[in-house]
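Before we start, here is the structure in question, set down as structure tokens.
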């Protein structure tokens, strides 16, 4: 099977800080790849590096065989890669419809309408608050708007950064369900960074455990889930 | 103390101008995140553009209004593209941007002074302290001064255009998005620089239109842009400095208070010289800073 | 638990827009103890440090220090009471050298008045003494060789150490440390934590620490509060808190 | 030859006056990071104090009874007072010192009052408040005749009238340069001391400085008071040197020029200020001389201003650190960080 991502000795950081110290892994097509790890281990930084939002200090990123290491974010976006940031992922002063419209900025009107219908079919909950400003929405509703903003681009690969952080369990389940369906029904490749490790590992294909910028585990998700030391490793209690 | 209609109409005209100026200043502050101390000069660039065209073409004065828009807009665009944008890319902090706007103010005013000299030399016209002659329209039997009519129409139509642009077009949505969260807008593939440059063009155009009305009221010279800076800022800060609707309302409050206040204070028994007129916007500015530093916009946006 | 707490927060609340960051947080920080706040991202730890340090005003609740309500005091007045903090993202005075960053923090105020500088040279003697003190702290943190470097040329980890040094330079009573060992190599991180313990034992300093590197820090602390979604979900000794199923759940998800 | 002498007098005196102004701006902007956009107001405060008081006190000291309006007669009486000063040097010095003292207090108080409404807010609020206050101050001076004679201006008696001509001009250079030297030394001493260090700390990271016990509002107020007092001193010397005070001379262009000097020379470095003022004066005088040789279709003064505006923009864009960039400061360690042979050593000595 072809690999969507081929990451080779990637180092990522901000300014003078190096946070990811050379990681090598790959993500297969139509895979749900889960990245877990304690707080501050660099999961979010890694995703930002993959999308071009953090500075690459070394190594290489191949996306569908193309070297994207130096590409700016919107160019990566054109290649079908989508990124769902943890924070500030919507425009608060715009309505939901305007947010989604912006995400599909370069589509013509008919195409946008067509895609919007598809997205609303996938996330029907949004229909109820299309005309409201995002700042009046709850955390879960905002995450769904951000989700929709990515779906309007009809990407082939979506990277989520803690999409369920600070959500109620019910809302988190809903988001997890949609993420799973991206893979099963739409055949997308998903990279999921999650703090809710149990849930994520249960539905993931393969998983990576990141501790202070280095890989501590890479393999089947189920295996990590049943690993007896997961709790202590995940909390960062083991070096 | 009688207020005759002329004073009220003058207050309306002046407030129309001020509303356009503080609105456009606010628009530039929203993109640059810092106050532009050369904003008043954009109005003067606009009016000199229109005046030049008048000298060359001898058309009806009001027909040169679009020229004022164009000159103000293009000059603002140049400011943004040649100075502010590159400075910010090089990591200038906002105090440096503020100082740059002061330098632009000096350069612009002295450029206008040189231009006024050239104009006088080549066309033998008044190039400083010039005025525009107004026309009177007869509408359904009522005589209305052109200035009152056209300035009000301009404000109403420009506000409507801006509203439609910002709220109803894709580009306007992108503009609001780029102002709120440039990083996210960039990720979505919106050319934030282009959006900001457009905002500057519009802001400069609005200021140019406001400037066009100046010579109908008072003799206009290159330095007038600096003199009107205080009321513009008072209006924008009163409006909340980051609120377009606040800026418009602030413009009317400052404009009306300034005209009526100056008139009333110059009457017996106070008989104060009208030269102290800037004290009124100054007092509004100080009171706003002391009592309501977030401006009047904070009064209605707090609930959201 | 014999002593009264040096610092306590009572039902502190803070929200940003519609997002609740602190939902009624009450903690006690005992004098001469190392207290640690843990919790997943976004659980409100840094917000709490900001409220205690005075950078943020809470929407409700109180911050009590040594029996006095300090909820409304600005940061510089909290400093006067002995509360000093570090930042998660280091904020060195970038145009100053490492040594000068240290000297800025001193409690002996040589910068009090311009007149004192202009009309007397006494400050120069004081300054020499402060420099010696600053060097001791810099040595402790292993960055004394960098004393003359501009602080914005340090690495991220070194900036963290400098912040810590600045805080120590100010002879604090209560130190609020926001991720003191993040980005610091493990050996040095252990050194720092040992020093914290030493300062606690020898000088009687009180620490409130936010840190993710539990592998390194847990063994050094006296008491742990675990936060989740703006609330305290568990408190007690490190081993108690770490074996609390609520805590494991909060970290791993339900 | 006389011409050259007067040119040198003018250059020397103006250098001193602008150096005082630029030093105060360097303290406020270079060290603390607040550009005082109302600088000209405090300069005017000094000059207006002299304008309003010097001739009045002079006539009182000389026992001359004033007849007629202040506005129309001040020039005449200032000439009479100058003549009196020629034979009464102590009276002249007393008038100078008294106005100097009063003006510096005026400047400091005005600095606090004018900045008070916006001192807690962002720098652009403070800037517009100070610009506006400065303009109002000028308008007041122009319209309230009893202050400095309104649009006519006011005559200022010559406090060095007791010196023979030639020595008198040299006296103004000396006066101006010695005050400038004192101001600059104050700036330098503060800049290279814990005080300057704290100002830079506040400039670099306000929140961190506040966390380390610095009362930011207090420092801002005090520095603005000190800087404004310095500017007022410059105004006093300027007024006596010019022999008259005219309100419209104190327009915002002066503030701009002072900002230009500080940024051009290198903000954050007192030596930069020395150089910045010199470069400006040289450019200005060169343009003034060129005026006689070049014919342009417009007034060359406007052209000069245009060039200065563009120059400041170019410096901000391409060399924001200025001619002499800021260096990490040296406080006391400069004194004990030398080798035996006196060369500086890059390590702390005992």
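So that you can tell them apart, the chains are marked A, B, C and D in the order they are listed, and the count of residues begins at 1 in each.
We take it that a residue touches a chain if its C-beta (ideal position, glycine included) is under 8 Å from a C-beta of that chain, and two chains touch if they have at least 3 such contacts.
Quantities reported herein were computed from a predicted structural model and do not represent experimental measurements.
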| item | value |
| --- | --- |
| Chain D reached from chain A - shortest hop count over touching chains | 2 |
| Chain whose mean Cα position lies farthest from chain C | B |
| Chain ID, smallest distance between chain and overall C-alpha centroids | B |
| Rounded Å distance between chain A and chain C, as computed from the means of their C-alpha atoms | 33 |
| Rounded Å distance, chain B centre to chain C centre (Cα mean) | 48 |
| Intercentroid distance (Cα basis), chain B paired with chain A, Å | 45 |
| Topology of the chain contact graph, where touching chains are joined (line, ring, star, complete, other) | ring |
| Touching chain combinations (by label order) | A-B, A-C, B-D, C-D |
| Interfacial residue positions of chain C with respect to chain D in the complex | 53-55, 74-76, 79-80, 84-85, 87, 91-97, 99-101, 103-105, 107, 109-111, 113-114, 117-118, 123-124, 127-128, 131, 135, 147-148, 150, 166, 170 |
| Residues of chain A that touch chain B when the two form their complex | 51, 53, 73-74, 77-78, 83, 85, 88-94, 98, 101-103, 105-106, 133, 135-136, 149 |
| In the complex with chain B, residue positions of chain D that touch it | 29, 33-35, 37, 117-118, 121, 123-125, 127-129, 131-133, 135-136, 139-140, 142-143, 252-253, 256, 259-260, 263, 297-299, 302-306, 308-310, 312-313, 316-317, 320 |
| Chain C to chain A touching residues, read off their complex | 17-19, 40-42, 154-157, 179, 182-183, 186, 212-215, 218, 229, 242, 248, 251-254 |
| Chain D-facing residues of chain B, complex | 34-35, 37, 83, 86-87, 90, 92, 94-96, 98-100, 102-111, 113-115, 117-118, 121, 226, 229-230, 233, 237, 273, 275-276, 278-279, 281-282, 285-286, 289-290, 293 |
